[in-house]
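Take a look at the structures below.
Both of the next two complexes hold subunit A, though its partner changes from subunit B to subunit C.
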Partner chain A sequence: MWQAFVRTLRCEGRAQARPAALRVLAVCLFASLACFLLCAQAVVHSGIDGAQSARLGFLDFLAAVLAGEGDYDPSLGERRAVPVGWLCVGVCMLLVTLPDPLHDPRHMQPLTMVLSGSRVGWWLASCAWVALCCLTAFIGIVAVCIAWGACWGAAVPSGGASAGLRLWEKTPELLGFDASAAAPALSGRGMGWRDVLAWLSCSWLALTSVCLVQRALVAMLPAPVAFSLTLAMLSAPLFVFHPWLVGSHAMLARSTFVINNGFSPSCALGVTLAHVAAAMCLGAAMTLRRDVVGQRR
Partner chain B sequence: MVVVDEVFKTIRSVPVLDGVSAEFPSGAVSVLTGPNGSGKTMLLRVIAGLVRPTSGSVEVDGRKLHRDAPFPESIGILLEGPAFIGSLSGRDNLRALADLREGVSDAQIDDLIARVGLAGFGRRRYRTYSLGMRQRLGIAAAVMGAPSLILLDEPTNALDDEGVVMAKGVMRAVCDAGATVIVATHDADVVQDVADVRWRMAQGRISHVTGEEGRRHE
Partner chain C sequence: MGRTSICRFELRRAFTSAPFLLAMLISCALAIWSALVCSVGAARDLESVVVPYAGQTYKNLSAYSSVNQWLAVDYGAGSSGVFFLVIPQVASVGYARSMRTHGNSGDGDQLQVRVGRRRLLRAQMLATFLCGGLLVAVPLVVNLAICACLLPTYVPDVMDAFYLRVSQNDAFSDLFYSNPVLYALARTALDFALCGLWGSTVYGLSVVVRNRVILLTLPYVALLLAKYVSERIFAIARTAGMEGFGASFTLFDQLRGSPDAYFCPLWLTLACALAMAVASLLLLRALERSDAL
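What follows is the complex of A and B.
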């Protein structure tokens, strides 16, 4: 089984590296666009109230891409800012991992599965490839944010302090989540490098788990249906505030570091790992049980 | 050597294979003929381990499928036409598939490409291949690495005359090297020229074609 796993992953790397890299590049472009919009808005603001714009930090750039939306309460009658940047990145992540001819039952699955020699090894390689693509895309996003921060001249934090990691009080307007809610939580605990790393890891895991769910669904359903279902799952937290909705854990605006009633990293870890396990078991069961009969495109 | 023993396969309560028992010897080309929908492709899928029989068993070189191993250990397949990655060249497609098994060198892949008549096209994107060129690459993938069991479903589909000669030559060569070759085909030419053993399928059942009709024409 492990031999099948290693061989399939090797085959995947050789066959898919280039198209996957192009799709990752598209994700980075979207992230870059979100950062650009943040800068543009900050410039507009600085035209209104002078020095404020200089206070954009690295975290602001991460938030521009990965903030999502805080706890939106329609009864307050606030204008809703749909987190377009976050949604775009989510959709891109799903699209990065969606096409995989080697594991597509309607494409090369029969050939690669038979040659690999093990159904379980073949399936695990598919999951590992999804995780690897997600990791690459996520690292790309973070790198883009850091690069934009550096170009903007965001302050570099010294001695583990959270100096460069604070959120600018004006950003909520730009990012689509509530300033007054974010500020106390941040000023109370601060958000050091470790907190950011913890949150980023959970965020990557959350996105990976959604992509794995999509991969498991592709084993049973046509790709567009699988994509739509997973997209609904990813964006469900925009409508309901609940820790079990895995998309929440990919939103900085719902982290305990940013809002008082936010979700902790341990909660995020639990929920995302549960999703990862469920997706992998479901996919493994389908792969082991199902007959591979031709359903050619 | 492949031994199929009393294999039944029912899909949505329709019997697709209805008690198939057959032997396919090594070092010979066994040809399956029969009308469309008679179960040839399904039988090949069962032998490949892709489809689990409802009952009955398949033994490949002494190992029972699904008991000793999920798939035949050394196998090459071309089932229901070729499927490759459009954005890669034919050669890179084969290279990637070669990663799934040990011991296929770049030189061997180049040889293979020339042997199926794709010399000069190996580095072109698969997307740009014509139907017949795709079929040729499919044949190349099936025989790559000299597997001991080779399953070919309609291998001469879309091939030109020269392609059919090539396909017959390749089948002959791999079986002379000791492989078990099972071919489902309608091509009378293939049946005539390369069949060592003939089986006919009809409505999920199989029968051995013997006598003058079944003997190989030398």
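What follows is the complex of A and C.
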């Protein structure tokens, strides 16, 4: 099984690298657009000498892309701008990993599945490929945010790992999410690099788990239908504040670093790993039952 | 095979296809979820808060009306938000892929030879329009029926506009406060037309997009991007002091009686519908003229 896993992953990498790279590039372009719009808003907000007074940093640009929605109470029923920017990132991630490997026009993947000798190995390689694509896209987003921070002239906090990264106090208002003034990302102590890394890992895992659910659904349903279902799953946390909704853990504005009643990285880890396990088991079961010969007829 | 029979053939094929039935299942499930969440919550409030004190003080009964909990009007529940974010994608899943699916399989070539390319494409576009429209209209009707079974129907009082989300800037708001049944009919008809036209436009894009998955997902991403960019620009304009600037021109808000942050006047909705109609007709013409071989 291990050999099948490695060989299939290598094969998938060779076949899918180019289209996946193009899609990852599209994600990075979107992240860049979000950062540009935040800069424009900050400049307008700060008036004529905006470049000096708007203190935007890496965390602000990360929030421009991945903030999402803060503490949301639907019973109030207030008009608000749904954070479609965050949804755009999620949808782009879904598109990066959408294609059904068994429906490629050259019929290479069914052949790979049969020749690999292990369906479970093939499925695990397919999941690993989804996780790799998500990781690459995520690294791209982080790189874009760092680049925008550097271009804006954000100072790197001194003090090594203990130094804190902070959100500019106007950023939540500009991006339209609620934040607690005493939360680490806004208070004096800031978010340490370890906090940032922990949140980034949870966010990546959360988006990867949604993509894995989609990959498992694609094994049962037509790809656009699977995409629609996963889209509903992804957009639910925009309207419902609940830790079981895995998308919540990919929102910076819903983390414990930004709001007092936010979700901690340990909670995020538990929920996302449960989703990953469920998606992988479901997908493995469907792959084992899949009739490769029958679907060619 | 005549014009009527090819239309009947395409309609039968559209309404019995697995993607259409699955899409209908998704949209109806969201609508039923919304109806149950909203109606049960409102019924509980009505029982515990409003009825016991009805004789002692003024209570805004119309806020608990079944019409106000209707999917197209309700704003508070998350279920309605999810429904209207997902429905443009679901509407295009219905039958917008027909040209690429049947064309790629060779089935379309056979039909083109027998009935003519123009007739076939028009029948497919008609089927796509009806599928798209039904995928939003049926869940709306189902949702209203469930709400009406669980809650009383009061004519909304304009004095309760604070609790209701339909404001004077929204489409058919005068009908909502005078005749809610007519409002529901008008709203459903408008949503039917908008989703039908969206499906037809996606179908028309088959002339330039060959990949079925990209055909069904990329227009949705473009719509999402249009909403995001426009809202950020409106936010920048408002930050610059242009109070009240901006209106929603994406399908996500036009389908709702009470859109989110930005208002959505009827003239803008009709202008967008007209633009989609023109685009789908132009794309259909381009499809008819494209080289089948």
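The rule is simple: the second predicted complex is superposed on the first by the 255 of 297 C-alpha atoms of A that agree within 3 Å, B and C clash if a C-alpha of one lies under 4 Å from a C-alpha of the other, contacts with A are read in each partner's own complex, and residues count from 1 in each chain.
The rule is short, and it goes like this: contacts are C-beta pairs under 8 Å (C-beta built on N, C-alpha and C of every residue); 3 or more make two chains touch, one makes a residue touch a chain.
Not measured: the values here are computed from a predicted model.
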(request) Determine, under the contact definition given at the top, whether A:T112 touches first (subunit B), second (subunit C), both, or neither. (result) first
(message) Looking at A:F227 after the superposition, I want to know if it touches subunit B, subunit C, both of them or none. Which is it: first, second, both, neither?
(response) second
(message) Applying the document's definition of touching, compare subunit B and subunit C: which contacts more of subunit A?
(response) C
(message) Once chain A of both complexes is superposed, is A:V213 in touch with subunit B (first), subunit C (second), both, or neither?
(response) neither
(message) Taking the superposition on A as described, I'd like to know which of subunit B and subunit C A:V292 touches: first, second, both or neither.
(response) first
(request) Please indicate which partner A:L87 is in contact with in the superposed arrangement: first for subunit B, second for subunit C, both, or neither. (result) second
(request) Under the contact definition given at the top, report the residues of subunit A touching subunit B in one complex and subunit C in the other. (result) none
(request) Mind listing the subunit B positions that touch subunit A in their complex? (result) 11, 41-42, 45, 48-52, 69-73, 75, 77, 79-81, 83-85, 87-88, 92-93, 95-97, 99-101, 141
(request) Write out the stretch or stretches of subunit A touching subunit B in their complex. (result) 7-8, 10-11, 14-15, 18-19, 101-102, 107-108, 110-119, 291-294, 296
(message) Applying the document's contact rule, which stretches of subunit C touch subunit A when the two form their complex?
(response) 18-19, 22-23, 26, 30, 75-79, 81-82, 85-86, 89-90, 92-93, 97, 165, 212-213, 216-217, 220-221, 224-225, 227-229, 231-233, 235-236, 239-240, 252, 258, 260-262
(message) Taking the touch rule as given, give the residues of subunit A at its contact with subunit C in the complex, in rising order.
(response) 30, 33, 37, 40-41, 44-45, 74-77, 79-82, 84-85, 87-88, 91-92, 95, 98-99, 174, 176, 221-225, 227-229, 231-232, 235-236, 238-240
